[in-house]
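Letters A, B, C and D mark the chains as written, and numbering starts fresh at 1 in each.
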């Protein structure tokens, strides 16, 4: 049997010899490096390293040894590279949800979808046709606080590793976001920071843009301003009405969200300040 | 000898039968349609038509006949499809200017560059190596008004069909822009409306964007907010420093400006409000 | 109630006045042109025109009048712009099929999927979860001829307007293709004509390509050589294994097939020789 | 003064601990790793590593120490990261040559162009306007062998680090290519292996492709089949004539060649078999 792989994700103030120290530790403990990436922030003098290693089994021991070898201020995370439990949040639009359901069903992404949680019934049938539990918590008769509390309870009951807002059209409170920091993926219907607000494709059309795009990012207290994971674009012309742009935009959203989710599931994304370092 | 082609550019309130009326006129006057494009704005009920015709020589007659056949409110422009006289405005950056000089020298674009006008001496040698007149009007010892007046006199002396701001880093007054309405192309170092202001690539880097872009547009009173002609993008990652992003951005700017300029030189761009209709 | 729109698709040897004649006919019969596109092949002197018109109801009358006005050699097709009945052919891979099932279920494409026909059982559950009839005709114990005959009978029973090979991994006989000329869409796992044959992503990886792509086309007697409708690409690097390339390739295939299908469903694609003219 | 940076490029049969050994050596000799990339070929069990280090000055000593630490079969190259001397080969087309001349003149690429060598006079004026020596060796009255010998003498006289075929339309002999192995960049007017031969854009047009591309690669004995460094594409439609496609193709060629050249100048490209590993 192939032994489990570990991912070591390290952030540290930069100093000479960090790569040598980390790889030395791994070698002395019998690890074989399968993938390795480093990066030094030109500004912040911050060092980033992501290493996938096989042949080492004791996560705690490896963590402790790395803590001994590396600067005190280093942030060291060692974890097995495993399929993750993902909970999807949705509202009415099927394009992102449907794409992720099919990818999960046919094992295209290393995840198990433990449930779909929505504030409308619209997507229940689609979800259940994939034998995934669907929970609807309508917001209509609840205060914002009460609704979010109900949602949080439902989420906590699933104990997911990751939340994906697959076009979930509710604003999350800072407390909610803080409780799942860097574990909530969102897809934004536009380039950031352009065309913030309602009807972004209408705005884009009125401005006569020749390119539209979408941004997948971690949710932050400022909902649409969290660390960007992936972006993509599609060309448009005057022939495209706001409705056409929205349709093309959905296709871009769908593929950007799937790409970002893959990167996060494979533990390739490290967050620093309001940015990401992505080891592709 | 091949006879000259005419371009008919028509904007009109939409009503039934406009295409039939225009093409009927062209046929009755012995014209053969070489290219044809129409578009109806879904919102404004505005009709746009661009037709390239050969076999008709009398521009004034054709214009008058079309005026008779079409609604009173129609805007009708008929002109021979000719090489245009273009004046380039520049400051210190060579990438756009150099690209256009080479394209003109080897006849890649249907234009004659009648001169380069700059507020710094930096690009004089490059310009003159292509045997193009270079005029430097430094702004250092002049008031904004006096400088712009000197620039306008120099421009008027060239009587250009078109002005191209090939990274000309001066803000134009509303009067200047008004005098050359829809005849000044500008290239903007970012997507509109994102990252307005100084150091856009620094801003993009700080935001951690995964895509950068550039926008070619007609200059308007709000300099960076004029009708967009062309946009393009390049992918970036955390590996790219602000300096790398600026370098990649220059390559995008260079190709977007050349593309937009070709569209304008071939009379493919019609302006409506703050947008363009581009018949590609 | 909004009246039905008609699409007029015309191919004809080029001669002066064709646009005027067609639009004149439409105007005299009370039609309002909603969309219009023309194109003249620089080589073949062939004229192409696609017009969407509203306000005319009698398809046969309009066809006859156009036949009278246009050259004898003209190919004139007038048809209502309607949702089409589409039959999907598949084998084991779910990515294209799943994407089309979701698009159909949520009305993203103007079609009704009348059934899925496969030579393996793999995709039966997925198909039926969308309440679409699934027919499996295994090829294992049948001769090639007998299998194709069974498939053709099943297809004919559905009377589809269009067949889509959503990764159907069987070669069609020339007779089959001839019977559904320009009504079978196929998606090819590579750029045409590169990397023909088995294991295209392995071949691409061995060649060290930096870009992979996919091609949607009409099936022809030479299966992978029919008229191209749409193509797209994705960047790759040495980091991508043949398996990674295949995964990225699936995403490209999925979106190219959906794009091509939309163009065909909206009657935007005209075939000429082994090429297409696409009125976007 | 900032000390010179060294690039260590290592290829070796893979075994455990290689990264640790290399980085250990660099640390013990006082080096600070500025950039680092590794890659293991999934097939060939070949290990690749590129490290940029500062603080070490003795190239020979570092090479010898690495040879001691690494497997005997390892290929180890240590060299200062310096501006390179580049000789350009051209024929008549100005787009790639002009772009590189401007980039060199304004320091956009870390190179010095030591000369341009052509088999036609066409580009002499352009070259000399940048104060670069231009040598024309017409092939008309020489045998293939005699012409190539004259070209090789002229090249050797410049002692370039790198040769760039900026649309040089002569076939090189295997001996020539062998003498400058992996030091000759070529730009190919198409995707490899598609549309090999004359008139590639005509072929692409006849096939009705919707995307065209260009490939920058190292020249090999099979001229158009050497290791690929970079590729890019541009969308086309039926509107584009073969001439339009050739024009768009030139723009793609220009930018792909500049990108590939930058990668090679920055020592980011390692060749393995007929492929490249590119550390971006």
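As a convention for this text, contacts are C-beta pairs under 8 Å (C-beta built on N, C-alpha and C of every residue); 3 or more make two chains touch, one makes a residue touch a chain.
Remember, it's a predicted structure, so these values are computed and weren't measured experimentally.
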item: Mutual neighbours - chains that touch chain A and chain C alike; value: B, D
item: Label of the chain whose CA centroid is most distant from the centroid of chain B; value: A
item: Interface sides of chain A and chain D: same vs different residues, half threshold; value: same
item: Fitted rotation between chain C and its twin chain D in degrees, CA, nearest 5; value: 180
item: Approximate Å spacing (C-alpha centroids) for the pair chain A, chain B; value: 41
item: Centre-of-Cα separation between chain C and chain B, whole angstrom; value: 37
item: In chain D, residues with contacts to at least two other chains; value: 239, 280
item: Residue numbers on chain C that touch chain D, as the complex places them; value: 39, 42, 191-195, 206-211, 213, 227-233, 237-239, 241, 274-278, 280
item: Chain B contact footprint on chain D (complex, rising order); value: 94-95, 98-99, 102, 105-106, 108, 126, 129-130, 239, 247, 250-251, 255, 258, 280
item: List of chain C residues in touch with chain B within their complex; value: 16-17, 19-20, 23-24, 26-27, 31-34, 36-38, 40, 235
